[in-house]
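Next, two complexes with chain A in common: one pairs it with chain B, the other with chain C.
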Partner chain A sequence: MQLLIPTSTRRLAPSKPFHLHRTSQCFNFGKNLILKRCYSQPKRGSYASVQPEHIHALRNILSNKTSLLTSIKGCDATVESVSESELDSFNVDWMGKYRGNSKVVLKPKSTEEVSKIVKYCYDHNLAIVPQGGNTGLVGGSVPLYDEIILNVGNMNSIRSFDEVSGIVTCDAGIILENLDNYLAEFDYTVPLDLAAKGSCQIGGNIATNAGGLRVIRYGTLRGTVLGLEVVLPDGQILDSLSTLRKNNTGFDLKQLFIGSEGSIGVITGVSLLAAPKLKAKNVAVFSLDSYDAIQRAFIKTRQHVGEILSAFEFFDQAGHRIQQVHSRNPKKIFDAGRDAAFFVLVETTGSNKDHDDQKLAALLEVLIESEIVTDGVLAQDTAQFTSLWELRETITEAAGKTGKVFKYDVSLPTSLMYSVVEATRKHLAELGLYKGEGSDGKVKSVIGFGHFGDGNIHLNVISDSYDPEVQSALEPFVYEFVAKHRGSISAEHGLGLQKAPHIGYSQLPLNVDLMHQIKSILDPKKLFNPYKFVYRPPLE
Partner chain B sequence: MRPTPANLVRILVPIKRCVDYAVKIRVKPDGSGIDTNVKHSMNPFDEIAVEEAVRLRERNKEAITNITAITIGPAKASETLRTALAMGADSAIHVEIPESLTPEPLGIAKALRALIEREQQKEPIDLVIMGKQAIDDDAGQTGQMLAGLLDWAQATYASKVTISDDKRSVNVVREVDGGAEEVEWLRIDHLSHRFSSLEPRYASLPNIMKAKKKPIEKLSSEDLKIDLTPKLEVFKYEEPPKRVGGGKVANVDELVAKLAEAGIKAIPTS
Partner chain C sequence: MQLLIPTSTRRLAPSKPFHLHRTSQCFNFGKNLILKRCYSQPKRGSYASVQPEHIHALRNILSNKTSLLTSIKGCDATVESVSESELDSFNVDWMGKYRGNSKVVLKPKSTEEVSKIVKYCYDHNLAIVPQGGNTGLVGGSVPLYDEIILNVGNMNSIRSFDEVSGIVTCDAGIILENLDNYLAEFDYTVPLDLAAKGSCQIGGNIATNAGGLRVIRYGTLRGTVLGLEVVLPDGQILDSLSTLRKNNTGFDLKQLFIGSEGSIGVITGVSLLAAPKLKAKNVAVFSLDSYDAIQRAFIKTRQHVGEILSAFEFFDQAGHRIQQVHSRNPKKIFDAGRDAAFFVLVETTGSNKDHDDQKLAALLEVLIESEIVTDGVLAQDTAQFTSLWELRETITEAAGKTGKVFKYDVSLPTSLMYSVVEATRKHLAELGLYKGEGSDGKVKSVIGFGHFGDGNIHLNVISDSYDPEVQSALEPFVYEFVAKHRGSISAEHGLGLQKAPHIGYSQLPLNVDLMHQIKSILDPKKLFNPYKFVYRPPLE
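Now for the complex of A and B:
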């Protein structure tokens, strides 16, 4: 289904039908200033261009007429051509920052169709971008040029579920929230939760090794994905869709594909270990006056509620203020209002409400009496759970409404996490670009928030536009800061297009070399998601 | 004769522990009831009543002497009282009943009357603020029955409450179909609150700590000399019929044919 997209409306939260924000600056990559400044935009590879005869052949592979959308004219009567703007929701990323120029979107309904499509493209030298919910934040899910978009969204059934073990097997295109709702009927839950859950698909989550809000409780997908079904770049179907917890028989191939960002295959099937859905939930939000206090609060939290802890998130004053400005429901949480320097959100999930309440009460008392926190609130019913979580989950969206956001998702040693925000503010101020929160510098706001328990902070720098001057002030400054402290320049968002050139800040040359070798073995023609992730421009 | 100075107002807020409003209700397979092994919390309308009482006190600091929350419910209902205390109530009364007993509005109203009469001797209750209805039975009767039993004045669907300067009367703005209506009493008595734009506050940690030390008085139905045995018998619980899917028609003729099948005929217009 395609929506007619008005030209100047804003993209809303992922779970609502989205509209796109197009600024007056053209993001057609031919004129993209960002990439030109930063590094030379990769030239289009020597791939074929899609022609009507390709469309006819692909159309014959697909079982359903609506599985193919194309803006190429001159096809026969079996193919209905649409306008280019109708492909926008597939060509443009969630942030409205990257725009591709694909003329064809394919939405196959089965793994066999995917396999035949991929084989056809392999034989005809056509580049492909695998796509799921298109909620990625590094431009990895949209084409750079006219690559064919292979969207698995129509493959969204549950294949099987075992109530005893909690192992679910499903298609890769199922939306995360829908999978979670299905499992909820059996008192299970997906061991992954992120703000984009209403739109993102499990295949894409796995292809990017998404982290999310509950890594501290369930670990990453590398532990909970038990098997994958992948279509390789030459069209072969790799069936690694085991439902076994333990299987030490050779290299664990699925680990290659987890986090591979569509570069060596497209995930079509998943088997996942779901977690029991426990009933007793508690959410509390605290205010603290220093980053050091957050660290002390974390220690106490682990001591008192460690075994039931399911989230430990933090956000700073600047992030909170922006969220309140754009919140549908701005409600003062503390008497101190918005003046606290930091906020922490703690969630516990357990099997026994009374026990959990007692453990949490002990923690709250310790935190207040030792003055580690200055104030706090505890949710009393599910409406309050949701509204307290909104304080943290809608910061990203609010930032997007405040301006154009430069996002840096980094991992750093815990004691240094917030110093990247402070260092960035100082650096931008020295260059005259930032004059304090909400004032009139080119940079309106610098905020930090994230998954404290995972050592992962999201640094968001908000400006009126994707200004090249701000861009060059931030890069490579932020990357160099992270490299200096042996952190990761992309904790969970992945490399995509945006960070592919900077992989060297977090990986040594030998490591990168081995990655290229793996890519060459599995995708020798470089047809899958070119220009991104682990990418080397061909030698001139 | 009131022993307390006529200038101070004591407020009673009855609250009810219900299944949390966000829970998906499931009927037991034998139709005898609903699955109650789910999250419970304070009835949202009662949260508003507590919030209104606390805000009244914030606006009229000298006028309100005490806000007492009361619940008639099983042992676990004391948690709901703790929430009310954490929101700002000063003391609480828990009339404990067995978990198997589901009291009815009339029984509750009689219990509240018995309590109010008991308190007349010590510290009389001047104002009762109640939620419009409970979200489990949706009865919406308890307030009206209580006013009738006590022979007190009542204003329902209150959206704004003001206590007069001399603390002898209350001015209430009620929501009515056409807009709003103002009612003024000479005696402070009773009102029940509508769900308006009032949003209940979060329970803050310092208040939660303080609430632990606030007193909860425990009573039983014998103490109040009332009988809470239900007078109504529930035969069966049923889920509403599942929605049947619609179908698509290819063109107008098929639409007309399907309508005719359903017994709807087209009337010619001239």
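Now for the complex of A and C:
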């Protein structure tokens, strides 16, 4: 049998920007909003507007003319003048949901350039949006108004690599896949894998504490990031770029910046513990009768293949049916189990294929004998490996083809995780909006799938349109359900602009207050990525 | 072959409190210092002294009379009056190096009691030392003066356990071994293992970001701690006790408290991701000719047994010889390789003993064929398992029997790690203090051993006495060497009282300033664990 590597996975489409806190007045974003919706947009802060003299000064900081793009007229010939639309790839998020109105994009080539830019902006009261690959899902990586965009994509070098320890140090702007390819030459891999790997950047991954598919194997970035270099909002360079696995000398400052979404500085350098790249891969899909059976299957799986487990994903019957309708792969790989209530995908990654095969076979036997699973299939070749992964990964795409999708990315305690789907179905049915899967109600389908091993479920509610009645039925219902069970309204996508107003569903007031104090220490002028994350307007 | 569990490992003896920053005046601790040494003791802060009326008020907060111990005379009969010496187990650290002079020990039984105590102390300007199992190595867990001791040992219940996810929530005062025993019933284990497990407490482990023997397998506590409940210095209860693996809703506040050494609050509750307990265990010891060979062995080991590797320890010839002289085990298990320059201990933990045996045998073959190792032995039974671990673990004990030991616990980039031993030998030789191993110089032996996989080496310099000349030769030499190579002067033991003045060797001024700002937010009166960690005296 060949060694098989799974195909890149498909990123889940982001949720739409629903507004939870009803206001008496309904704003709209005007030019700034692509997807128009009732939303109380934060007022523009009292920041300076970028003028030609700012452009001139910023240009003089940069070593290269092409590092500054501006649509502001009247600048001298030393800058790269572009049309407004040429800034779209920086002003608009990758899903086309959020549009900013920045007229200046800076693409510095060194930490020193970043530092000088930021210092200048600090002195001149200019707001900044740090930007990596701009693949975020919550409107966190594009401006809301005319903030300057500070894109680190031109900083993309490997600084050092220690082949013994697997510790790599690199610029923040290196694309995740490029970093992984570099490490692969030394039989290492980045301990992070997500669908946007071809365009997202490691600095942005860390700034958003990206989760993805391998958390069950490698843990989160909070354990694997060893050090960061950050330019603080006043332009100072914070060197916390340790390459050590153990360092107990004071507060671990880098943790503040992991998942800080560009709110307290811009990450310019990264030190990361790469994982040894093990080459034996297996994947199996099981069908199960109940959610309880998934939990029992998970326990058995960890017992039998614990040390080689690299994914434990699940999806429900409704999701599977939709996927089968829109399957790109006409050959039904798992037809026998198609009417099961639930499905689980187990992937293993190890150093010895024979051992892994035996372990997985033993697991399968146990699961079938104990009647935890009703059926199962184990990939025998590359094509089957890909086909089995598609059962899980093309659900999002299939949902999009089925109708308009209301999406929620939440964490819940494992035992309760699927109850958010059941409760939502019941609630929608009671309101007369849902009459069962594929019925003619306003809601055609309610599906649940996700990263079981991480307690992270994706709830998708599919309707014919983005019907306000459905939206009102879902919110705050879903958020309240999550809050009631001490879940998280954002498991891995962050707060950004979209969920910033809703932080109270997952964090208590004291916690939020403390977050604001941390923000205030580091960004007293609130210049960094305003209106998002834990933002409160500055005092006038 | 039987399934073997390694014996509990021996904790390394802590370093002595050397002073780096020479002062013109030499203080001594007087009554407070057990090991008298030149040291610039911080001045007592302008805190209130505990009076009988404080005792009375604090007693009224507590639900149980035995929760308050005091040696202050003149308190009423509702408190537990004890002699000063009866407070020694709280005032003196476990190595007998540091002695505080507290007259009050509080042992609350609930978070609410802790909160009320702390609020009272805040209002009355009383300083507090939070205390767990008091097994710290740097004088961080005992008072310096008369601070109130807040011991959480009476809070030791499991609050919840999710058998599917392995997430356990418990009080901070539960003893690590008790927690591990509880989890073992469900085939889980705490992802942390250290010699003090029989007396250290999980809250203290987290407050000091304890490392130990399993970092190579499970990573640090920064990845495995999911949530914390903390009583802040003003008495407010910070509930960050999430039981979720993924939660991207704002700054990850719990990270501030991991490794904060009681400086910004007292941890009262803990949520932790337990690891599945896999039962197949193997251990092997190899001899090698050079430090470079250890690095090559490590790469091969991760390739062959990567997913089951649970320890990769090393020690040098000097350490091995000392261990052999003082071995408790007269049967020499690895006599053949005794003259090798270095030794490596590899432990594996997996779910299938046959597979692990095969992998380890294959590794051994590769290591011998490629001449990376010169010899090796694989444990065949429980006795051999124990004996092989003793080769590594009794080095500390043997060093103590050989003479007085100057000890350093440092992190360095892997490739440079052993050079701290070589440089120290050279430096001492140049000063005429070291004439080779076992010679008649003031320094009899310089040995290096530690957690290779974590980049954490223990440098032990053995002398006939704690000779000031040797001390002056070692400090700041060792710290400067570590700083020059961007290492950490405290890999896993923390700063405490001992290393607080030396933070500058591993952290830049900007970083330290930021740490002070964080401290100031949370503990504006500097009441919590004063004089330690990132302490600066309060403004008068």
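Keep in mind that, in the parts below, the second predicted complex is superposed on the first by the 420 of 540 C-alpha atoms of A that agree within 3 Å, B and C clash if a C-alpha of one lies under 4 Å from a C-alpha of the other, contacts with A are read in each partner's own complex, and residues count from 1 in each chain.
Heads up, the rule we're going with is that a contact is a pair of C-beta atoms (placed from the backbone, for glycine too) under 8 Å apart; a residue touches a chain by one contact, two chains touch by 3 or more.
Bear in mind that the values here come from a model prediction, so they are computed numbers and not experimental data.
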First (chain B), second (chain C), both or neither touched by A:Phe298: second
First, second, both or neither for A:Glu53, with chain B first and chain C second: neither
Which superposed partner A:Asp162 touches (first chain B, second chain C, both, neither): second
Which superposed partner A:Glu422 touches (first chain B, second chain C, both, neither): neither
Contacts of A:Glu80 with chain B and chain C, given as first, second, both or neither: neither
Touched partner set for A:Leu364, first chain B, second chain C, both or neither: first
Partner chain(s) touched by A:Asp123 [first = chain B, second = chain C, both, neither]: neither
Partner contacting more residues of chain A (chain B vs chain C): C
Contact footprint of chain B on chain A as seen in their complex: 279, 281, 284, 286, 331, 333-335, 357, 361, 364-365, 367-368, 373, 375-384, 386, 388
Parts of chain B lying in touch with chain A, wherever the complex brings them together: 20-23, 38-39, 41-42, 44, 47, 79, 83, 86, 199, 202-206, 208-209
Residues of chain C that touch chain A when the two form their complex: 162-167, 187, 208-209, 211, 215, 219-220, 222-224, 236, 238-240, 242-253, 255-256, 258-260, 276, 278, 295, 298-299, 302-308, 349-352, 355, 358-359, 411-415, 451, 454-456, 486-495, 499, 503, 506-508, 510-512, 514-515, 517-518, 521-522, 533-534
